[in-house]
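When the chains are written out, they are named A, B, C, D and E in that same order, and each has its own residue count from 1.
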Amino acid sequence: KPTTANAASNDSSVSAIKKRGTIKIAVFQDLPPYGWVNKKGKLTGYDLALARQVAKDLGVKTKFVQVNANNRVDALNSNKVDIVLANFTVTDERKQVVDFAKPYMKVSVGVISPKSKPITKVSQLKGKDLIVTKGTTAENYFTAQQKDVNLQKYDSKTQQFNALKNGRGVALADDNSYLYAWVKNNPKYTVGIKSIGPKQYIAPAVKKGNKSLLTWTNKEITKLNKAKFFEKSYNSQLKPYFGSEVKASDIIITNK
Amino acid sequence: MSWQIIQQSLPMFQKGFILTLQMSALGILGAIILGLMCSLCQYFKIPVLKQIVGAYIELSRNTPLLIQLFFIYYGLPGIGLKLSAYTCGIIGLIFLGGSYMAEGFSGGFDGIPNSQIESGKAIGLSQGQLTRYVVFPQGFALSIPALAANIIFLIKETSIFTVIAIPELTNTALDLIGLYYHTNEYLLVLVVGYAIILIPLSIILTWLERRIRYGTFGD
Amino acid sequence: MTELLRVEHLNKAYGEVPVLQDISFTVNTGEVQVVLGPSGSGKSTLIRCLNGLEPYQSGTIYFQGQKIDPTPKNWQLLRQKIGMVFQSYDLFPNLNIMDNITLGPIKVQKQSKATAQKEALRLLDTVGLADYTAKFPRELSGGQKQRIAIVRALALHPDFMLFDEVTASLDPEMVRGVLEIMANLAKQKMTMIVVTHEMNFAQQIADNVLFLDDGHILESTPGKDFFTNPQTDRAKEFLQSMDF
Amino acid sequence: MAHSGINLIFEGQNLPRLLGGLWITIRVALIAIIAGGVLGIFLGVLRTFKNRLLRFILRLYLEFFRIVPTVVLLFLFYYILPKSMNLNLPAAEVATLVFTLWMAAEASDIVRGALISVPQHQVDSGLAIGLNRSQLYYYVLIPQSLKLMLPAMMNLISRIIKTTSLLLLISVLDVINVGQQIIEANQKQYPQGAFWVYGVIFVLYFLICYPFSLLAKKLQKD
Amino acid sequence: MTELLRVEHLNKAYGEVPVLQDISFTVNTGEVQVVLGPSGSGKSTLIRCLNGLEPYQSGTIYFQGQKIDPTPKNWQLLRQKIGMVFQSYDLFPNLNIMDNITLGPIKVQKQSKATAQKEALRLLDTVGLADYTAKFPRELSGGQKQRIAIVRALALHPDFMLFDEVTASLDPEMVRGVLEIMANLAKQKMTMIVVTHEMNFAQQIADNVLFLDDGHILESTPGKDFFTNPQTDRAKEFLQSMDF
């Protein structure tokens, strides 16, 4: 339904959401174990658990909107969603266009490659094809810092992993946390570079200027932290998918 | 809308633009050759080949390019056939365009009035001579409008290459949007990019169409 | 009077519908056979059978005493000896007048270009169109096109000519020029089979008239008698209707 | 391994899910075809009028939808519409709108083409018995042009259906998107999942589009 | 003799090319005006101007003494009073015969369906086609279609009728039936303007002949004189060419 410009930004305020009775949340649906559809066709994952908790605490129903990495910002700006909980890494560019709440996860870019031909140093990637997904921090990092790596840019996670398995690039770069998860399922591959670039955080994002929801979300994260929600969620949603290389403290933020 | 942002993105778009042009050119050329061969198989009713061509045309015309590409690019490696993205793109475009071009040519050949064929026969021309002096020149002229429409169509279809990570125009735009979030600017450049290719081309093709038609039939 | 063409018991049907039934007749060298009959009686079909453009179900055609084996290859060779002009002026729009005329002589009969062009010019002269060699069909009037079509057929020096209502699509004023050329051919003793609706003209040139109705030859009567004294009532009726 | 991959399709809820995705796809196409078709007839009639400004505007509309690739159209509407027009629609509805407008544009050209190829003497004899313009269109031109436009319409419909494959790109949960989820969720068990899932979707699209192209061919003949 | 139609100084051009130049003439009630002239002389254009199918650049048409203001709306109303039949048999292929005929009376003249159908049947009877009401145009021969087209025009009870070469596309055998109907109309004193290439027929019905050449009226001569003794050489030539 059409709304006016000002009303549109207020549309995602806490009171508006409560009045509407539904919160629209942008999530990934192809990124196990954060946001994905399991074999039974059910939307699940670490981000999803958070999303459901947020809705519960707001006392509203959820409406999930599937996004790809490269349209998370526009989903907010075009009022398609109230909040993004889609493995959204905080970067300076993104801070210009959306408002991030308190982070709930740590992350940095990692690189996976076949065990048979492992890539362990960035210098090995020179002049080679590296697979990334459009709009991810991995793409951002390599575009800005490693200009002599050829990037193959895909629209979705499914496509990028498929491409890697088909050997279309020598390696794939993405957030290291789910690369660990992925290699556990695909033992022929290894996280050859565990972490490059700056340490980064993943946080919920709301439309720029949406103070009301931002404040509420910050409080919510603090509250959930106290209640050890993220630890529990880590154990149920993530741990089963990660290899032994990963500890809870690598991923979740407990002390903030 | 910021002119500076547009300007900064132009070198990237230029690469995509050139790639779109190159792949379109190759794909269209291949499609025309494939289409011509298919339509000849049908025109001369060559047994077996004619049936194969018929099946190919139906298959190609009734499935989306996107799925054809997905199947070739992501699916076929599963049974051991791995082709580069560019090869897949070109093959996809030829596979799709071949059937459209074939129908265009066939339409031209079928459009030749029967009386032309008969008067060719009546002066004793053999089948080969009839094809060379009557069917080809007239059929080609008649099929030009369809071919022109197909050329435009195929160029637009290259935008779908974005799904197999070919950095053509559309892919470039989507990528930049994901990186820097200047959606309006990049979409504008994208639309203008296609307009720069398609508008002059469509004018040239219309002109060519008239000329060839006039040269052959005089109307 | 040598026999040029003999048709015996020709039968032709489109699907189940018989269109020509038990057609037999003979044409001698130098004779003009006019085929008359109401619309749909099978005149065009008959003409088209006579140069193999339509297959027929049964019957035999003899050409210069030889039985024709009706294979596509045989017909293709025979067509050089049979000139044909249709109702629609179907010159090849993509070729100029000279190329239209010389295509057959050069490609089919392997004449040299020079010979073929010389002959084409001579024939064009006889129909008053010698200046038109470089023009394209689109630049000509219907009557001119039809005259060129006759020349194109004549350029192969056929043994006989088939004409199927060649003036039917022409403006009334154009008709005369074309008919004059055909009348001239008749005078020069070209063997011809002519389908026409122009009764005056038919009367003037017919050595013999075949009157077709519903796929049958109802009568075959010498030209001098048919128009004044047809044998069948159907033909009488037909002649009346043509002359309101 | 490959031969057993087909089992992936029949495992669990996979087939119903695929068909569910297909329904989303078909619903978008169906609404676009019907709404766009009606709008297209209306615009097509307007395009035969003499008013130059009107014809120019409608021509511009058509050319815009012709020149801009559908992928780009989808993104344009998906991103720009909510921002500048404050029209906030879910992706599937945006797609429906785009396809409707596209269908209307292309259909208007088909309708116009059919209308002007009704022989002039039909128009003349309609006028000659005193029909006014709307009567002329209603009793003479539109009924006669329907037959002329059907083959092209069938082709257009099958093109619209085919092009719905692009829904994936604006994250509509269409059949391809569901397919990708299935490939993702089962990648360990079925490494060749992509071959089978994309293969099945390929066939599904063919089964839907083929009848229309058959129909178009048949209509063209008689 | 009351004047029904008067044309004064009518000029019409397609783009730069003049097609009708300074055309003036009068048609009285009950009179048959035949328009003759070579192809392209402007006969069809003239007829089409007379019921507003073509706009003209200058000149005036008076109908029953009233000057016609040539707006589309006016012409639409007037056309009920002017019946017109064309060369191509343009019945509406999507309607059956009855609907073809009654479309005008019902939709334009708002007659009741019953009245319109009764009148249609009466008229169909006069042309011998009363059994054909439920058929579609495609099921009829050219001559039948043309007779229906005349009935369709008559069903509006026009004050006069325009005929443009209505027999030109007909098979020769069909021509007579159509001409007979027109001759009957003339006998019943229907006012008519008739373009035709059938000279015998023209001679038989013409009260007056307008001879057009190159957009000009070269002569306007009573029918009884024109065919035997035309005033201009051009007309003489024309008459000769029509009668090979």
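We adopt the following convention: contacts are C-beta pairs under 8 Å (C-beta built on N, C-alpha and C of every residue); 3 or more make two chains touch, one makes a residue touch a chain.
These numbers come from a predicted model, not from an experiment.
Enquirer: Shared touching chains for chain A and chain B?
Expert: D
Enquirer: Shared touching chains for chain C and chain D?
Expert: B, E
Enquirer: Quick check for the class: compute each chain's Cα centroid; which one is farthest from the centroid of chain B?
Expert: E
Enquirer: Could you let me know which interface, D-E or A-D, is made of more C-beta pairs in contact?
Expert: It is A-D, judged by the count of C-beta pairs in contact.
Enquirer: Which chain is most remote from chain A in terms of Cα centres?
Expert: Relative to chain A, the chain with the farthest C-alpha centre is C.
Enquirer: How big is the gap, in whole Å, between where the Cα atoms of chain C centre and where those of chain E centre?
Expert: That pair's centroid distance is 36 Å.
Enquirer: Hey, how far is the Cα centre of chain B from the one of chain E, in Å?
Expert: 52
Enquirer: If you average the Cα atoms of chain B and of chain C to get two centres, how far apart are those centres in Å?
Expert: About 46 Å, centre to centre.
Enquirer: Using the touch definition from the top, which residues of chain A touch two or more other chains?
Expert: Only 71, 74, 77, 155, 159, 162, 165 qualify.
Enquirer: Could you list the positions in chain B whose residues touch two or more of the other chains?
Expert: In chain B, 74, 77, 162-163, 174, 177, 183 touch at least two other chains.
Enquirer: If we use the touch criterion from the header, which chain pairs count as touching?
Expert: A-B, A-D, B-C, B-D, C-E, D-E
Enquirer: If you look only at chain D, which of its residues touch chain B in the complex?
Expert: Spelled out, the residues of chain D in touch with chain B are 2, 5, 66-72, 75-76, 79-80, 83, 158, 162-166, 168-169, 176, 191-196, 198-199, 201-202, 205-206, 209-210, 213.
Enquirer: Under the touch definition given earlier, write down the residues of chain A that touch chain D in their complex.
Expert: On the chain A side, the touching residues are 1-5, 8, 29-30, 32, 36-41, 65-68, 71, 74, 77-80, 155-159, 161-162, 165, 185-186.
Enquirer: For the complex, give me every residue of chain A touching chain B.
Expert: Residues 69-71, 73-74, 77, 93-94, 96-97, 131, 134-136, 139-140, 143, 152-155, 159, 162-163, 165-168.
Enquirer: Could you list, by residue number, the parts of chain E that touch chain D in their complex?
Expert: Residue list for chain E touching chain D: 48, 51-53, 76-77, 79-80, 82-84, 86, 88, 90-95, 103-104, 107-109, 149, 152-153, 156.
Enquirer: How about chain B: which of its residues touch chain A in the complex?
Expert: By the definition above, chain B touches chain A via 73-74, 77, 82, 84-85, 162-163, 165, 167, 171, 174-175, 177-181, 183.
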